[in-house]
Amino acid sequence: MGLIYALVAAGLSLIFGLMDVVNFAHGELLMLAMYAAFVLWELSGVDPLLLLPVVALLLFGVGMTLYRGLIARALSVQFNRGMVQIFVTFGLAIFLRGLAQFAFGGEFHSITSGVVAGRTLAVGEVFLPLPQVAASLVCLAAFGALLLINRTEFGRALEATREDREAVALIGIDRDRIFALGWGLGAAAVGIAGVMLATFYYVSPNVGANFALIAYVTVALGGFGSLAGALVAGLLIGQVEALTALLLEPSLKQVGMFAIYLVVLTVRPRGLLGRI
Amino acid sequence: AEEVVIGAIYPMSGNAAPIGNDAKAALEATAELINGTHPPIPMLMGNGGGLPALGGAKIRVVMADHQNDPQKARAEAERLITQEKVPVLIGSYTSATAATISQVAERYEVPYISMDNSSPSLHRRGLKWYFRTSPHDEMFTEAMFDFFRDIGKKTGRPVKSVALIYEDSIFGVDSSNVQRKLAQEAGIRVAAEVKYRANSPSLSTEAQRLKAAGADVVMPTSYTNDAILMLRAMNEIGYHPRAIMAQAAGFQEPDFIKASGALAEGVFSRSSYAGDAVKARPAIPAVNAAYRARSGKDLNDNTARQVTSLQVLADAINRAGAANPAAIRKALTETAVPGVQLIVPWKGVRFDESGQNVEATPVIQQITSGVYRTVYPFDIASVEAQWNVGG
Amino acid sequence: MPALLEVRELSKSFGGVAANVDISFDVGQGEILGLIGPNGAGKTSLFNSISGEVTPDRGEIRLEGVRVSGLGPVACAARGIARTFQVVRSFDSMTVLENVMVGAFARARRTRAAMALAEETIDFCGLTGRIDRPAWSLSPPEKRRLEVARALATGPRLLLLDEMLTGLTPTEAQAGVQLVRDVQARGVTIIMVEHVMEVVLPLVSRAVVLNLGRVLTIGSPAEIVRNPEVIRAYLGEKYAPAA
Amino acid sequence: MDNAILRRRRAELLGGVIVLAALAVLPLPIGDVYTRNLIIITLLFAGLAQAWNILGGYCGQISLGHALYFGLGAYASTLLFVRLGVPPVFGMVVGGAVGGLGALLVGWPCFRLSGHYYAIATVVVGEIGWLLFLNWDFVGGATGVYVPFQGESWLALQFRTAKLPYHYVALGFLALTWIAAWVIEGSRWGFSWRAVKDDVTAARSLGVRIFPSKMAAAAISGFFTGMGGAIYAQYVGYIDPDSVMAGTLSILIPLPAVLGGVGTLWGPLLGAALLIPLSELSRSYLGGSGRGVDLMLYGALIVLVALARPQGLVSLLGRRGGGDDARAA
Amino acid sequence: MLRLRDVSASYRGLKALQGVELDVAKGEVVAVVGANRAGKSTLLKAIAGQVATSGEIAFEGQDLRKLRAHEVARLGIGLVPEGRRLFPRLSVEDNLRLGAYAKRGDPDRFRPLELVFSLFPRLQERLRQRAETLSGGEQQMLAIGRALMTQPRLLMLDEPSQGIMPRLVDDILAAVGRIRALGMTVLLVEQRLAEALEIADRAYVLQTGRVVMAGPARDIAADAAVRRAYLGL
């Protein structure tokens, strides 16, 4: 679970780092990805794992389009940019939920076939559900890719654009292109997480909300703009969650992970690996 | 002829929207059966042609959306009463909204028929205008334990322990309280009690706990999304409990069966509806067909209760002879409908002082080949229960 | 002249960079002290220590004999130390008057009194015409004046000016110089950082020259410009013949 | 002495009195209960948004956890009434105090954080509060608390079907928050808070004590929010964690302020006047379709307003409310 | 090389430039001088495509007004802006290297580093430090360095000596000479009139958004009115 949190959070972290604001529609991007996986699976009957690149690409497109159509405009406002962004993405989230309900109805769907679906790997006493194992591996791989991208010059340009979105023009960087790519990448990461999640989680218009909050906490815990931080924090949160549920009341497991988050933040106000 | 407008308040958007949509279809189908012309159906108000005592007046159901927000439920109730001038309210699926709707009904002195709310606390507040056709969780749970007792006797493999898993809502907590109490009374050990966060991203740890408890029967109380997740989580860790006895809700949803596929096979659930009890309830095929025409689905626990409640209400309005709240209330208190006139397998409908239908007797069903089949009470069972406990 | 401010063996480093090393000097009551030195010599860092923005690693700072180092900016402000920032910091959502009132509230509890003080200070700093303009719309030099006005409104005894006169044409700089003199005439002691020698030297009674975080020399303007080390490290050859 | 600030403040006060007076007579010609309810909810949310505005708008601390204070106020006054029989009129004040206290407790760790770290921490704290109340049996847990109707009474703020009394209670609440904001705007506090919002370092150097400023703003904001919660509880008659502490509420409270204009006197009221009726109406008339059209409409509207009027709807009124046209990015 | 005709610009209705006409020939150093708020910075921003303008701005025959800011930069127009506009949380090295971002693929793109380090040895000592922690003067050096990294053909400097110590002011202005020797054309806005006019070939005097005087730098420096107005003599 931790890795999925981490990957969802990584996408958020990219976007966060970029536009320097909470993307409230993040959970809805996840929801879209899950629906994309579900619909494609239903239409084609292809194994969901094979759909990974398709959905990732699709979400990449969605991310780019969202940026170009909406976020770029939100970024260009002169006044109270921070709040405008919060509420533009919040409005978008509500809109997307409504859209999903409109297009797919409120029902719950799930993917029931595929190589990994419903299988379990038994290693002695320990049972490893195959979908989760596969999800973890894929997420880890995606993470590696993201980290690599972040180390390239493009990654640096992304950071620079966040720092001063006007000044990058002085050195010939097209901020809209960089940002759109960043949004695309962030969304693609969510897309991958979404497909993997869809192999073992149900899909519904409101599914995003369940993960979004955890993603925010993960990002803040890891430190804004730090991908490695998101990874560490995601794993940590997954563990804390499981431990609280095991040792204390399961209904309090989120309290456990939130408490850890608050404790860490009082000691390290910029998250585990954050710089901003 | 004129119309009698009835206000229904359901979640039409948000998490529980599918419930609201189904309710809409069920209520409209029922209204059509009551109003329309068709060969008589052997049930209460099954002759069509509207309400005879009101000159064939038609009933019309207007839907309002409460989004599972008590404040909005309250506002919608007020709107329906004052603006749509409805003489009676129906709804509302979730307990929190029923709490505020019943309050509005009380203040405006309009009857409120709680059709599918099962929280036992609802009818215990001394309300005069509150009626509940459906069984509540205590009645449901009693049926479960009756079933345990009887099947134990029948097969010689009694239930010795149960594990409770329930969501941290009013529904889950109430349900678990009754289950705990009845288990104690029946001398059944409660091996584990797992209260979990509704809509969690994962229920693996919870499943782990259940596995560790290793009880004869797992008794979940959950809505659809968690129900789906729970079965998967148990499967993932290789836990296949000998029996699952669900407090309906999510486990009764078609979405649940569809999404869970083979995993759902063999799950027991209490129900207030037995779609397969066609012999005892001859009206089922016709009503089901009418509902299916609108929704593409078969009637289930919720929708059947909605159909029944609307029948009962229509009958009461008809007996009242006027669409005015006080008269309807009076007629409701005098309701006495025998079970055979319904589509649900209850003894009948008769409200006590608190507005609770005391003759709503639930059944136990089991998922067999992807559909729920009634297995208890044995006299209306359509199939034999698959009972693995102690085997 | 009795010393208003005493800096004793003050050191501060950031990571590996020693911004200030063993700095000691006094500032007399009513004096205008120049603080000069190459870029990165540690002038702004020293201001940060004196105004309480950072806590020095070692050494101490006393205002009228009372230790102020490490007390934090609020306490320092309350004791009469005010400053301007090298990179201007204005409250951009407020008008000029409102900006200055924030400073004035350090002295006046009541809104009317603060407003009167602020208006007076704004007049004094020559921003009268801009009083109701939002701060973001001011030009950089005006923003610097605004910073001075805001700092003055707190009624300081010691005012730290960090490159307040940069970016002005010589003519405009003259007006700025006049403002500094007027402030001094009100009995405020001033330390000013400035790179434009034509402006600082006539204005200050003494100057502290920092280099690589240490005090290179302290002396009168005349001494400073003749000091070969200062010329080599800071002023450049152009000033050599003037010596 | 006369200057722009004083003139503006006088004009605002006059405007405030006129608007409040207009709101006081507004429901009289409206007989329809549903519309009156709508107005009451709008007034309540305008007041709540103004309460949030005190911390979020003036002091610049974007709190997304106000549902916690709202819930605390609602629970405090309701439990006092149900368990101990303390009339809600007093309970309201206690509720406010509890809300304010809650805000102080939350502020203690959270005000060390800045920017998004702060915003997310408040979300998390709100979430924790909600979870705890959900699992805390003493306060009714998930079952919630039901306020029995005990007959019409001003002390208990209970009225059978009459809406007018609630209207005046909500209006009173709005007036209180509005006047508080007006007073704060002209006071030393208001100036300090706005300075903290714009530039912490500069504020500090002028002797503004940052942490106490934030705490004071939080306490006042929490107080009014708690009071709003108490009024809500009495109005609706039933509370449970989902309806008075859930995360969505934490967004709904600031939303009117943001759409109307943060850090302004009129923004919250304007925002609420647009937003609440719109969401109610879209639900009532489109929600029945069950297809999410209302959500799409609502979401799209928020996006549009936020983009078209980034400085808030107040900007339509021309220059007013705290020199907000100066609110640069 | 650069040609401005009847260029006007305004900020929300506030006119900052009005009908400016200006030419820069290849290899020239042209100075723009004027009082505060005269519109000097606005002029540079207008050329760099950072403010909306009307009129005609052509660079080597190409209409700059049609291009977006980053495209102007890619044409070879570098600007050291007022207020530096560094990437505060990036290291000195990253700031410099990003200067060559647009030239990805060009193996020689980091070559200007040598020039930058020879001009400002201090930067070489501070490669790993975050730009925001540099002293004011160091930041100014970095801003110039970053602009040089883009290998511009036209370098526009907005008050490069601001906040720079006296010794280095001469160096920077001397550097302008060296830069020009490398084949770059320079458009310089500078408050230190005397020094600026010394190194410039030609100069323009701006006053409230209009060009009020233009000509060889020496003539302008000698003009009595200019001396009175800007040099305080």
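Residue numbering begins at 1 within each chain, and the chains themselves are lettered A, B, C, D and E in the order written.
The criterion applied here is as follows: a contact is a pair of C-beta atoms (placed from the backbone, for glycine too) under 8 Å apart; a residue touches a chain by one contact, two chains touch by 3 or more.
From a predicted model like this one, the values you see are computed outputs, not experimental measurements.
Participant: Identify the chains in contact with chain C as well as chain E, in label order.
Facilitator: Looking at chain E and chain C together, no chain touches each of them.
Participant: Quick check on the contact network: minimum steps from chain A to chain B?
Facilitator: 1
Participant: When you check each chain against chain B and chain D, which touch both of them?
Facilitator: Expected: A.
Participant: Which of the two pairs, A-D or C-D, is linked by more C-beta contacts?
Facilitator: A-D
Participant: Measuring between Cα centroids, which chain is at the maximum distance from chain C?
Facilitator: B
Participant: As a test of understanding: of all chains, whose mean C-alpha position lies farthest from that of chain E?
Facilitator: It is B whose centre lies farthest from that of chain E.
Participant: Using mean C-alpha positions as chain centres, tell me how far chain B is from chain E in Å, no decimals.
Facilitator: Between these chains, centre-to-centre, one finds 76 Å.
Participant: Between chain A and chain C, what's the gap in Å when you average each chain's C-alpha atoms?
Facilitator: 48
Participant: Mind checking the centre-to-centre distance between chain A and chain E? Centres are C-alpha means, answer in whole Å.
Facilitator: Centre-to-centre distance between chain A and chain E: 42 Å.
Participant: Could you list which residues of chain B touch at least two other chains?
Facilitator: 13, 17, 21, 168, 195, 197
Participant: What parts of chain D, by residue number, touch at least two of the other chains?
Facilitator: Where chain D meets two or more other chains at a single residue, that happens at 131, 134-135, 290, 292, 294-295, 327-328.
Participant: Two-or-more-chain contact residues of chain A, please, as numbers and ranges.
Facilitator: Within chain A, residues 98, 101, 105-106, 205, 249, 251-252, 254 contact more than one other chain.
Participant: Go through the chains and record each pair that touches.
Facilitator: Listed by label, chains in contact pair as A-B, A-D, A-E, B-D, C-D, C-E.
Participant: Which part of chain E faces chain A closely enough to touch in the complex?
Facilitator: On the chain E side, the touching residues are 48-50, 68-74, 78-79, 81, 85-90, 94-95, 97-99, 101-102, 104, 146-147, 149-150.
Participant: Okay, in this complex, where on chain A does chain E touch?
Facilitator: Residue positions touching the partner: 153, 156-157, 159-160, 163-164, 166-175, 275-276.
Participant: Going by the contact rule at the top, pick out the chain E residues touching chain C in the complex.
Facilitator: Counting only chain E, the residues touching chain C are 35-37, 82-83, 122, 129, 133-138, 140-141, 159, 162-171, 191, 193, 229-232.
Participant: Which chain A residues qualify as touching chain B in the complex?
Facilitator: Where chain A meets chain B, its residues are 1, 5, 98, 101, 105-110, 112, 118, 120, 122, 127, 129, 131-132, 200-202, 204-207, 209-211, 214, 241-242, 245-246, 249-254.
Participant: What residues of chain C sit close enough to touch chain E in their complex?
Facilitator: So the residues of chain C in touch with chain E come to 14, 17, 37-41, 43-44, 86-87, 139-141, 163, 166-174, 195-197, 233-239.
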